[in-house]
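Got a structure for you, written out below as structure tokens; questions coming shortly.
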Amino acid sequence: MEASDQRGALVELENVSLQYGESEFTIALRDASLTAQPGEFVAVVGPSGCGKSTLMKAATGLWKPSKGTVRVSGKVVDRPLSIVGMAFQNSTLLPWRTTLDNVMLPLEIVQPHASRLAANRAEYEQSARELLALVGLSGYENAFPWQLSGGMQQRCQLCRSLIHDPKLLMLDEPFGALDMFTREELWQVLQKLWLVRRPTVVLVTHDLREAVFLADRILVMSARPGKIIFERQIDNPRPRDLETTYEASSVEAVHELRSYISSARAAINDPLQQKPANAVSEGVS
Amino acid sequence: MSIPSVTATAPKERKSLGLRRLTRKLAPLIVIVAILAIWEAVVRIFAIPSFMLPAPSEVFSVGWRTRSIILGAAGQTLLTTLLGFALAVAFGLVAGVIVGSSRVIYDSIYPTLIGFNSIPKVAIIPILVIWVGIGPVPAVITAFLISFFPILVNVATGIATVEPELKDVLRALGASQVQIIRKIGLPRSMPYFFASLKVAISLAFVGSITAESIASNQGIGYLMLVASSRFQVPLAFAGLFVTALMGVGMYAISSAFEKRLTGWTIRDSQSGIGANG
Amino acid sequence: QEQSNVRMLMDWIIAVQHSPFLIADQKGYFEEEGITAKIDPGKGSGFAAINTANGVYDFGWGDLTTMLKFNVENPGSELVIVYQSVDATALAVVAAGDRGIETPADLNGKKINGTPGGVGFDTIGLLLDGAGVPDVKLEWVTASPELIPSMIVRGDMDGTTGYTFTQAPVLLDAGLKADDIKIIKYSDYNVDIYGPALFTTRAYAEANPETVKAVVKAVNRGTLDMLSNPQEAYDALQTFDPLMVPTTEEYRMGLLRQHMLTESVQEKGIGAVDDARMQHSVDLMREVFDWEPIAASEVYSNDFLPPVEERMVPKS
Amino acid sequence: MSIPSVTATAPKERKSLGLRRLTRKLAPLIVIVAILAIWEAVVRIFAIPSFMLPAPSEVFSVGWRTRSIILGAAGQTLLTTLLGFALAVAFGLVAGVIVGSSRVIYDSIYPTLIGFNSIPKVAIIPILVIWVGIGPVPAVITAFLISFFPILVNVATGIATVEPELKDVLRALGASQVQIIRKIGLPRSMPYFFASLKVAISLAFVGSITAESIASNQGIGYLMLVASSRFQVPLAFAGLFVTALMGVGMYAISSAFEKRLTGWTIRDSQSGIGANG
Amino acid sequence: MEASDQRGALVELENVSLQYGESEFTIALRDASLTAQPGEFVAVVGPSGCGKSTLMKAATGLWKPSKGTVRVSGKVVDRPLSIVGMAFQNSTLLPWRTTLDNVMLPLEIVQPHASRLAANRAEYEQSARELLALVGLSGYENAFPWQLSGGMQQRCQLCRSLIHDPKLLMLDEPFGALDMFTREELWQVLQKLWLVRRPTVVLVTHDLREAVFLADRILVMSARPGKIIFERQIDNPRPRDLETTYEASSVEAVHELRSYISSARAAINDPLQQKPANAVSEGVS
């Protein structure tokens, strides 16, 4: 599973197009390319509906691209990978499992944990509890998802994506439902974890401060069908603290990104200019 | 329960809750008693002869008089039914999972299964006799054949309608198809499964009793055949009552499992805590 | 001596007409012959015929007409009678006494139970011809056995076809007095055919002649016991089925004896088939069903019977 | 379809899709033909006499010879079955909604229903005959009684397991209980409902045919009774085949409705578009 | 349905406590009080899991409070109201309905629309389409919810809460999944709608700029069990434009609110100080 490609990229999307269904108009990605080096922290930003979540699904092999290739560790991806930890945008906690059991789910699937779980249950459970405590959910281990608030569900999902110490961490707006304080705290938690474990992270976010605080590199996507239209390196030294987000270099980065997203959106905004017409409906009814 | 109640309202609430639980437990009894009372009244008022419709009181008294025979027959029937039902659950689950997970298999074998299932099992029993002879075996097989299909259909539907979003959670971890079914498909289809059990357990009794009345000389089916061909209608009804009772008993057992396994699906939007508490 | 297992299928749930088998079993007659017998209640003579022919059972006991029909429909799987239990056909029309049915002529326009394929329905012409009233038209009502008594009592039908000793007792059970049950026996109207008998397949008989002989011997002893001491029959039945109703069985026994203890049986003993009479029976059936000619010798064999001395019925 | 395909791969894809659809349509036929072929082979190789198990070829030839009789009987059975089934759908839906919406009713009447349903309907038919006489009416009622329960159970389960979050959407608009059921409960329980239809339609046939063989002089049940008492086993099997065929036909109809009404539940996580397309 | 109370408040919560289930530890609100005048725009902010969504449910009658009373238009609320338009925090679009049909759902329920719908379908449909266009979803009218991105689902839900022109609009983080530009655009859309129709709005948000831009009054909730611990009037003149959020008064308001939320969170943050123990689990298993 080690990177074997000469370029050494862990994730590599090459001109990936992805079309949901059969209609021309359900193309969500068009010629999107992306590379993430092992251990790199990449953030993806872009207007709503541009294809960020789709990009994540393509990169992890959850959806096969219609065109182009996806490589992870140099190998072409043709099925979902087992080195991924993923936090989905919508809550996808299993309703029949408690918080703790939801968090422990990856341990039941991913090796080597799966085969060690039975024998080392207590130990694994301990680490799940610790993770939950880290995001402020201790005391809720035995609650069911519907007994958690929206933000709590999101935090639980974050734990689930981290528990098995994945090589590749895909986070789709993991902090969207949280207040600023909880969010900033979890930025720091995530940074710490990243510095220790060094997974490759792809983070989708709408919060540019978040992107600038956390990422090594930020990619801006165009409006749908999405492709990467701009890339910005963030070289602030690690570990960063929250103050860095108020420093001039960060603020300037935020401003630059913002202007790119703004231009990316323009196309969609004027309904007369590019109307997706009966876009999706064609493919459905 | 280990936490002392602090608020003033708690004890009162708990009491009324206990009462509510008691009413809940008694409610089905009340319904059954009411039905029997109306029945008894109708029979007496219209002086319906017992060979047309025996009064419940007569059924009970005949049943009580012949209790050792009825219980023996009931034990036999219960055994064959449970065997057939257990087979149906096992095969129904497995086949349901297979049919539910594969569109191709679904499309290919559903029509055949529906066709087979539309055939009255009475017509199959004589053929069974050829292969396995007369006795409890055809009853077990009939119970299995008749109760297998509802389980298959419901489990397959449950599996086939799993939200792709949930599947993706496991797929993203590189889970195998089998793991996805174990961790997502099966728990998600438990409400379907238990719904089908209610139908299947009833049908299993129907199947074994039907077979007993054709190809056995034991069990409630045989007892009822003998009783009805001698026109001992109250005795035949006693057999029916015992069967109904066994059906209810089996329901109670599967219901207990259901509450444990699908409590998560039944949560009242007002009470917040699973309404099965 | 090695015990051989023999499975026997009756035509219906066990009642007094089957008591010869029960007596033979309970009094050890089978055992004495080296036979372990398994006697099962059945689901009609047809069911008994099929399950004897296919080898699920070794012997069947049931209606002659049904057995013949099976042989005709399934050439190559012949059933042969080895012990003629009931000498005169038990076929009859059984009716409620208040419907004005006294003779076959009275059946005109009456609602009678019978299903195409059922013995009563198929053979009613024999009765009407025998009584000299071939133009009588019945109104057939189809209903399965368990419906018949209540439908007769309620007036939905006036009577039913079938065996005297199966149909009349259920009417008794349904509350009719014996005097209120009218029985028109085919045998009273010149329909001379044989009644129910013990049969096996020709193949089985040829392969196991000794076993067949042994079975017939034991059954014959049971039959004689039943005829000489009806109480033994009731007791045997009681042992087999504690729920049996003695009054009904006594009534049934009365009817059964009428068909069994015919003059010829009292003269020549029970169990044997007379070739000419059998040929007559077969020919009557042939007319009804439009069969090819059948030789009587194909459907019975007296070869397995014990000597005639052992088959003499008690003088009544 | 009105949009001209631009990409080069589209036409090829569409063709293979059409082919796949064809295979899908043919798959059940292949399964059935395969089963019949094996059956035929077994009968021929082991020279099984036709009174034990007639060869399909014999069944077809007998069926073809007697087609007018069989079709008449089948028409009669289809009619009674459909009537009973329609009643079962109507009452099952309504009762399922009621049982599914109220915990108290659920608790009170389920045991009674299970008990009643465990009783073989054969035992009920004589009583029916007393009230409605012989003919198609008891067949309709039996078809109804036997197929009503699976529908009720599944609809009730579907309604009872509606996510409170969805109910809240309507509750927040001040919707009445009836509106919530119409807009949320019923659509949400459609997958359950259609699963139950597969079972119910089969059972309806079983019910009407059983009743016909006990208390009627028409229909497939009666035909089979007559055929088997005449040892015309192939004819009886022809009746079974026609029944199976009618069952499959009804399934096809309900399946078409199912696709329209529950397409939203079956969407493949890979194809994105409802897999029922 | 007009306010009949002497105080004239449209929504009035008086010392409302709300306890999920039976356990002491599942109290989500404790003695929360809130008043919203007719036509007022109120924002509620607070740490994750503090009871904001619960407050919404109590105010609309979706959940009965365990203690205290809820009045709307002066009448005690004992069942859900029909004057409410609500956007839930999680996506609650009906999966069997297209976008358009989802948006039109309230019209089938709420009077006088419900009885007029059949006769005036085209007209109503037109207004639904216009609303969808306003949030950038034209072309997706016939798409099913699962064919929309997270942000698009959220926008669709917003339309559903607005379509029947409700007197009381309850928005639970309606813009959480949107990028800044779409979000700011929708702020303006919402403000315009509010100025024209003048519903009473209660908005739950984690974005303090959003609260300051939109609301007349901002309430800060304490950590769970939640109660209102601080209130801040925003007097910026209407219509406001986005620039006002960068003005000193707004920035100052954001800062003040932030400090209150921060203090509200402190209690939860230290796991040793207030541990909800087996809080929810007690009530469940």
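Details
Per-chain residue numbering starts at 1, and chain names A, B, C, D and E are given in the order in which the chains are listed.
To be clear about the criterion, a residue touches a chain if its C-beta (ideal position, glycine included) is under 8 Å from a C-beta of that chain, and two chains touch if they have at least 3 such contacts.
Chain by chain, the UniProt names read as follows: A, E = ABC transporter ATP-binding protein; B, D = ABC transporter permease.
The structure displayed is predicted, hence computed values, not measured ones.
The chains touching subunit C as well as subunit D are B. Among all pairs of chains, B-D has the largest number of C-beta pairs in contact.
Computed centre separation for the pair subunit A/subunit E is 27 angstrom, with centres defined by C-alpha atoms. Subunit E has its Cα centroid 46 Å from the Cα centroid of subunit B.
Separating the centre of subunit B from that of subunit D, both taken as means of CA atoms, is a distance of 19 Å.
Subunit B has residues 52, 126, 130, 164-165, 168, 171, 228, 262, 265, 267, 269, 272 in contact with two or more other chains.
Those residues of subunit C in touch with two or more other chains are numbered 50, 54, 146, 150, 154.
For subunit A, the set of residues that touch two or more other chains comprises 20, 26, 62, 90, 144, 146-147, 284. Those residues of subunit D lying in contact with subunit C across their complex are 49-52, 126, 129-130, 133-134, 213-217, 222, 225-232. Contact residues on subunit C toward subunit D in their complex (touch as defined above): 44, 46, 49-50, 53-54, 69-70, 73-74, 76-77, 115-118, 140-144, 146-147, 150-151, 154, 156.
Listing the residues of subunit D that touch subunit E in their complex gives 165-166, 168-175, 179, 183-184, 187-188, 190, 262, 264-265, 267, 272.
Across the interface of their complex, subunit B is touched by residues 9, 12-13, 40-41, 43, 47, 50-51, 54, 56, 145-146, 149-150, 153-154, 169-170, 173-175, 241-243, 245, 248 of subunit C.
Across the complex, subunit B is touched by residues 24, 27-28, 30-32, 35, 52-53, 103-104, 107-112, 114-123, 126-127, 130, 149-150, 153-154, 156-157, 160-161, 164-165, 167-168, 171, 191-192, 194-196, 198-199, 201-203, 205-206, 209-210, 213, 221, 224, 228, 236, 240, 243-248, 250-252, 255, 262, 265-269, 275 of subunit D.
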